[in-house]
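Below are two complexes that have chain A in common, paired first with chain B and then with chain C.
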Partner chain A sequence: MRTHSRATAWAFLSPWIVTFAVFGLFPFAFSLYASLTDYSPIRAGARFVGLSNYGRALADPTFWSSLATTGIFVVGTIPLTTALALGLALAVQPAFRGRTLFRVGFFVPSVVSVVVLSLVFKGLYASGGPINAVLRALGLPAPDWLLSPRMALPAIMAMDVWSASGYYMIVFLAGLEGIPRDLYEAARIDGASAWVRFARITLPMLKPTLLFVLVVNTVRSLQIFAEVFVMTRGGPLHSTTTVVYYLYEQAFYRFDLGYASAIAYLLFLVTLAIAWIQTRLVRPATEPTR
Partner chain B sequence: MRKERSAWRWLWLSPLLATMLFPFAWMMGVSLSRSADATLGSAFSGPWDFSNYATLFGIASVNRYLLNSALVAAVVVASNVATASLVGYVLARRRVPGEKFWTFGIVATLMLPKQVLMIPLYLVLARMQMLDSYGALILPFAVDAFSVFLVRQFVTGVPIELEEAARVDGASDWAVFHRVVLPLLQPVLAVVAIQSFLTNWNSFLFPLIFIDSDRLRTLPVGLALLSQTEHSVDWGFLMAGSTVASLPVLAVFIAFQRRILSGLMAGAEK
Partner chain C sequence: MKRARRGLLYVVFAALGLTLACAPPGQELVFWQFWPTEVVQPLLDRFEKEHPGVKVRMEQLTWQSGLEKITAAMAAGKVPDLCEMGSTFMPRMLAAGQLTDWSAGVADLRPQLRGWELCSIGDAVYGMPWVLGTRALFYNKTLFAKAGLDSTRPPETWPQLYAAAEAIQKLGGSTRGYGVQAGERYVLFKKFMPFAWGNGGRILTDDLKQAVFDSPENREALAFYISLRKVGMMERQDVLDRAFKSGTLGLEISGAWLCKSIPKDAPGLRYGVALVPRPSEERGTHASFAGGEVLVSFNASKHKAIALQLARFLVAPENALALAQSAQSVQPAVIGADTMAFYREHPEQQVMIKQFETAVPTPNHPAWVDLEAAIEDEVEEALHDRKTAEQAIQDAQRKLTELLAKPVR
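Let's look at the complex of A and B:
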C-alpha cells in the first residue's frame, strides 16, 4: 500500500536532487573540463589545452615529490595507527570498572578541530617546548622538529597517529562486539592460549573491519592538508608539501585552476586505485573463513 | 578476580590515557598562564589568570569568528536534520522512480574524498557569484549525504504498518510524515544533529578557500590565520583561542558520549 503519493516523494527528495546536481555531479564534470583548459579566475576566457595539464603534472618534480611525501605519510602512519587502535580496542573491550572513561578519553582527539590539534602540537614541538624539555631531561638529543627538513614530516605523522587512533579504536570495538562469544568459550575449553585465540578467532573475524579501517584511513590520509597548512606551510624546503597542499598552492596562490584540477583528478585516480588494491588484497583471505 | 584484572588494566592504560590527554592539559594550562612561552613550565606552574582570554576577546575579529561559527553551525545543523529526515524517509520507503540511482549518489558522495571537490566547488560557487558569502559556508553543506544515509538506514527498520494505519484513517501525506514518522525518528535525528555539529564546527578547508573577507571567517580559519601573523609566538593567546574553539565540541561530546560512541559503533557495523 502507498503511504504517500509520487508527487510527495519527489517533493521530499528534491533537496537532495538539487544539492547532488549543483554541488556534486556538475562540479565533478565541470572540473574535468577545467582540467583540460588553462582556466584562471584572474584572466578572462579559458583556452582548451587538451591533456597538457596532465602531461605537465607528470613532468613536474614538485608534483612527484608531493606524491612521495603523501606516500611516506600513508605508509608510515597507517600500520601504527591500525595497530594502536586495535590494541586499544582489545584493551577497553572487556567489562571493567572505568571502561567508559578510557573509551571516551581515547576518543577526545577525534572530536577536536584539526586546527586546534595542529596549533597545540606546534607548541609541543617548539624548540623550547615540552617534548624537547622531556628529551633533554632524559639526556636525549632534542631536534628542531618542525623547523628541520628531516624531522618535520615524521613530527606531523606522529601527531596523526596520536589523533586518529581513538576513532579507529571505536570502529574496531564495533567489529569485536560482532564476534560471537561462544567461539572463545569453545576455544578455551579446547585449551587454546590467549595468543591462539587472538590469531585464530579475533583476527580472521575482524578482517572486514580491518579492511574498512585500512581503506577509510588511507583515503583520509591521502588528503592530509590542514595539519600542513597550520604547522609548516609545506616547508621546510617542501619537505611536508603533500599533494593536497600542493594543489591548494597551485589553485589559490598561482590561480592556476586548470593545472590544480588536473592534479585533483590524478589524486582521485590514485586514491581509487589504492582503495581497489586494498580491497583485493584483503578479500581473498576472508572468503574461505566464511 | 574481576577486581584484580581491572587494577592491572588501570595500571597500564592510565599512562596511555595521560599521554592522549596531556596535549589538552598543556593547551589549557598555557592559555591560563601569564607567560607567552610554549614551555612545559609555563603551563603547569602559575601564576595563572584570564589575561590571554581578555586579549583574545579584545580583538573584534575573534568575536566575529565565534559568531560566524555559531551561526553557520546552527543553520547547517537545522538544515541537515530537516533535509535528512525528508530524503532519508523517501529513500527508505522506495516509492520514488530511480530510488537506486539516488541512493547510489549518496553512497558515492560518502566514499568520495571531499578534497576532490574543492576546486570544482570553488569554480561553481564563483559562477554563482556566491564566493565570500554566508551562502558559500551553508548551501553546499545544507544536505549531508552521511546524515541522509543514517536516516535511511534507520527508517528501513521502522515497520510500515503504522504509516498504513494512519493512511487508512485518512491522514494526508504530510500528516503521515509529520505525525507518525517524525516522532519515531527522534533518536537518529539526535545523532544527525550531533555529528553534523561536530563536523561543521571543525570545518576548515572549505571555509578557508571560499571566504576572503575577515568579517565572514569562521573560528578555525580565523585562528589558523591569526597563528601566522604577529601572534605566531604568543602561545598564551593561541592556546586561549584553541581552548575556545574546543570547548563547544568537548561539551557536546562529553554530554552525548554514549550516543556518539554507540551511534558510531552501530554505523561501523553496517
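Let's look at the complex of A and C:
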C-alpha cells in the first residue's frame, strides 16, 4: 500500500521533476561545463580552457563596468521599491471605500509584460514625448531621457520601481494580514502612537516578509535584462549595459558562449553572496531558549 | 470476439504498410525565413507544384529571436535546409565555416543579381542575395515649401542638406530640420557611415587586415554629422520615423519600411525620397549602407541540392518581386529591378534601388560585431560632445587596430 502511494506521489511529481531537470538542472550543469571551454554554438568542437574564461572576465573592464551598472541599479531600486511597496500596502490595508480598486490599480503594472511596459516607457521618455511635454509646460528642463548617458539608467530604474512595487505590495499585504490584531489593540490601550505601533509591531512582525521581498527583488534586479534590451540596448555609451545584457551580447552577438557562461556563474556567485548577507542582516529573531 | 479484433488489427497494419509502400519517395525541405506566412507561402506552393515529390516545410522566424534560434540549431546540428539570413548576421556565419559553398551552383546567376558581397569571401559564394535594403534621404515636401525651399529639388550635397535643415528648423515650434541618429546600437553605424563612405572614407583595407579609419575623409564626415545636431533633433530610429510621419521632422535618413508605413499611418504626408547627399557637386558619391536578405544552406543540411533549387526559384525576378511588392520594405536583388512596372509606379521605392547602386556593404570580417561597436561608441562620444570628431576618429582607429590584432575566437 505504502509502495503504491509512493509511486503515485512520484507519478504526480514527475512532470515537475522532468521539467526542472531538463530546463533547470541540465542548463545549469551545461553552462558550468561551457564556462570551462571555448564553446561557440556556431563552431564545431569545444576546447577545455580551465578557468581562463573566469580570469578573462575579471580582467575585462566592460565586465566590471556592467557589474557596477547592475550594482547601481540594485542599490537604486530596491530600497525605493521596498519602501513604496510597503507604503502602498499600509495605505490600502485598512477597509475603505474603493480599496479593491486601488489594490488592483497598483498591482496591474506587475502583471503586464516587461516588454510591453518597456515599449510604452520608451515612448513616454522620447524627447518629444508626454513626460517632456508636461515638463516643458511647467517651465522645467526636458532632458533626453534615454539618449543621455547620465539619464538613461535612472529612467529605467524609475520604470522598474513603478512596475515592481505593485507585486511586492501584495506580498506585504499578505504579511500585514498575518499580524494579530490584538497586538495593535493592546498597544493602543497602552497609548502607543501610530509610529511606535509601526516600528515596534509592524516592522518586527514583517521581518520574514521583508526578507523574502529583499532577496527575491535583489535576485530579480541583478538579472535585469528585458528593459535594457528593449529600451536602450545597453547604450548610450554602455551606460545601461548590465551584466546579463553584457553576457547576452557575448553569447548571441559574439557567439562566445564559454565566456558568457563564465560571466553568468560570476553573477551567480555575486547573487548568492548578497542573498546570504541579506538573510544574515534581516534574519527574524528566533524564540528565546529557556 | 478476440479473434475478430485481432483480425481488424491485421487489416489496419496491412493497410498502413501498403500506404507507406505506395507513397512517392518525396523529400521534405525545411525552410526558415522571416516574412509573414501569407507573403511567402504562395511562392512555396508554386515551387511544390513545379517540383512534384518535394514538400517545403516553412517556419517563420522573428527578428527578435531568429538569430538565437539559428544559433541554437547550429549548436544542436539540426539546421534547416534553406535559411534566410539578415546581411548583418553574415560576417559571423561566414566565419563559422558552416555554410554551404554555392560558388559553382550560382555562377550563372552572378551577372543577374546584385549584393553578392553580402555573402561572399573573396570569390567563394556562400549564399544568394534574395532581397536588398538600403537607407536613403526622406524629406517632407510640405515643410520644404513652408521654409521657402523648392520641394521638387531635394538636397544633393552636404551644404544643401545643412541649408535645408537649417531653414526648416527656423520654422520653430516643434518642427525640426534633420533627424540625427543616436542612442541605439547597430543603427547609428548605418546612419553615420553613408557620409564617411560618400566622402571616400574607409574602415579596413581590402584584405581586411588593417584599419584605415583615421583619415581626413572620415574626420570631415564626422564633423559634418555632428554639426547636423544644430539644425535638427537627436533621437532613436523609431522616434525619428514617428516625428517624420507626424510632419514635424524635415529630413532624415531611413529605410524603405517608411514607404510602406506612411500611406497607412500618415496618408496625407507629402514626402519624397532622394539619394543620400554627397560632400559636394565636384566630389564624393551618394553612398549608403548596403544590406539585405540572403538565402543560405548549411554543410549539415540534409537536402542541399533541392535547397539550392528553391533558392534559385525564390530569387527569380518575378518571385523576388512578388515578395518585395508584398513586403514593400525591401527590393529585389535583380539587376534592373527599377525598370519593373511596379517600381516605375512607385518612384520612392525606385530611389531605394538606385541608392543601392552606390551603397557599401560592411566588411565580412569575423570580428565585425566588435569593430562596428567600436566605431559606434566613438561616434556617440562625439555626438555627446565628450570628444571632438578628430579625437573620436583617432580613438576608433586605435580600437579597430587592437581588435584586428586579437586572435579571432
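A few comments on the model shown:
One rule holds in what follows: the second predicted complex is superposed on the first by the 267 of 290 C-alpha atoms of A that agree within 3 Å, B and C clash if a C-alpha of one lies under 4 Å from a C-alpha of the other, contacts with A are read in each partner's own complex, and residues count from 1 in each chain.
Just so we're on the same page, contacts are C-beta pairs under 8 Å (C-beta built on N, C-alpha and C of every residue); 3 or more make two chains touch, one makes a residue touch a chain.
For clarity, every value in this text was computed on a predicted model and none was experimentally measured.
In the superposed pair of complexes, A:L146 makes contact with chain C only, with no contact to chain B. By the touch criterion stated above, A:A126 is placed in contact with chain B and with chain C alike. With both structures placed on the common chain, the touch criterion links A:L135 to neither chain B nor chain C. Touch criterion not met for A:A194: it reaches neither chain B nor chain C. When the shared chain is aligned, chain C comes close enough to touch A:H238, but chain B does not. In the overlay built on the shared chain, the residue A:F252 is in contact with chain B and with chain C. Of the two partner chains placed by the overlay, only chain B lies in contact with A:E177; chain C stays clear of it.
Of the two partner chains, chain B is the only one that A:V92 touches; chain C does not reach it. In the superposed pair of complexes, A:D38 makes contact with chain C only, with no contact to chain B.
When the two complexes are superposed, the chain touching more residues of chain A, out of chain B and chain C, is B. Residues 41, 122, 126, 128, 233, 252 of chain A touch chain B in one complex and chain C in the other. Those residues of chain A lying in contact with chain C across their complex are 38, 40-44, 122, 126-128, 144, 146-149, 152, 232-238, 252-256.
The part of chain A that touches chain B in the complex is made up of residues 1-6, 8-10, 12-13, 15-17, 19-20, 22-28, 30-31, 34, 39, 41, 88, 91-92, 94, 96-98, 100-109, 111-124, 126, 128-130, 133-134, 162, 166, 170-171, 173-175, 177-178, 209, 212, 219-220, 222-223, 225-226, 229-230, 233, 244, 247-248, 251-252, 257, 260-261, 264-265, 267-268, 271. The part of chain B that touches chain A in the complex is made up of residues 2-3, 5-6, 9-10, 13, 16-17, 19-21, 23-24, 26-27, 30, 37-41, 43, 83, 86-87, 89-91, 93, 95-97, 102, 105-106, 109, 111, 113-124, 126, 139-140, 142-143, 148, 160, 163-164, 166-167, 173-174, 176-177, 198, 201-202, 204-205, 208-209, 220-221, 223-224, 227-228, 235, 238-239, 241-242, 245-246, 249-250, 252-254, 257, 260-261, 264-266, 268-269.
Across the complex, chain C meets chain A through its residues 67-68, 71-72, 74-75, 92-93, 96-98, 174, 182-186, 233-236, 238-239, 242-243, 248, 369-370, 377, 380-381, 384, 386, 409.
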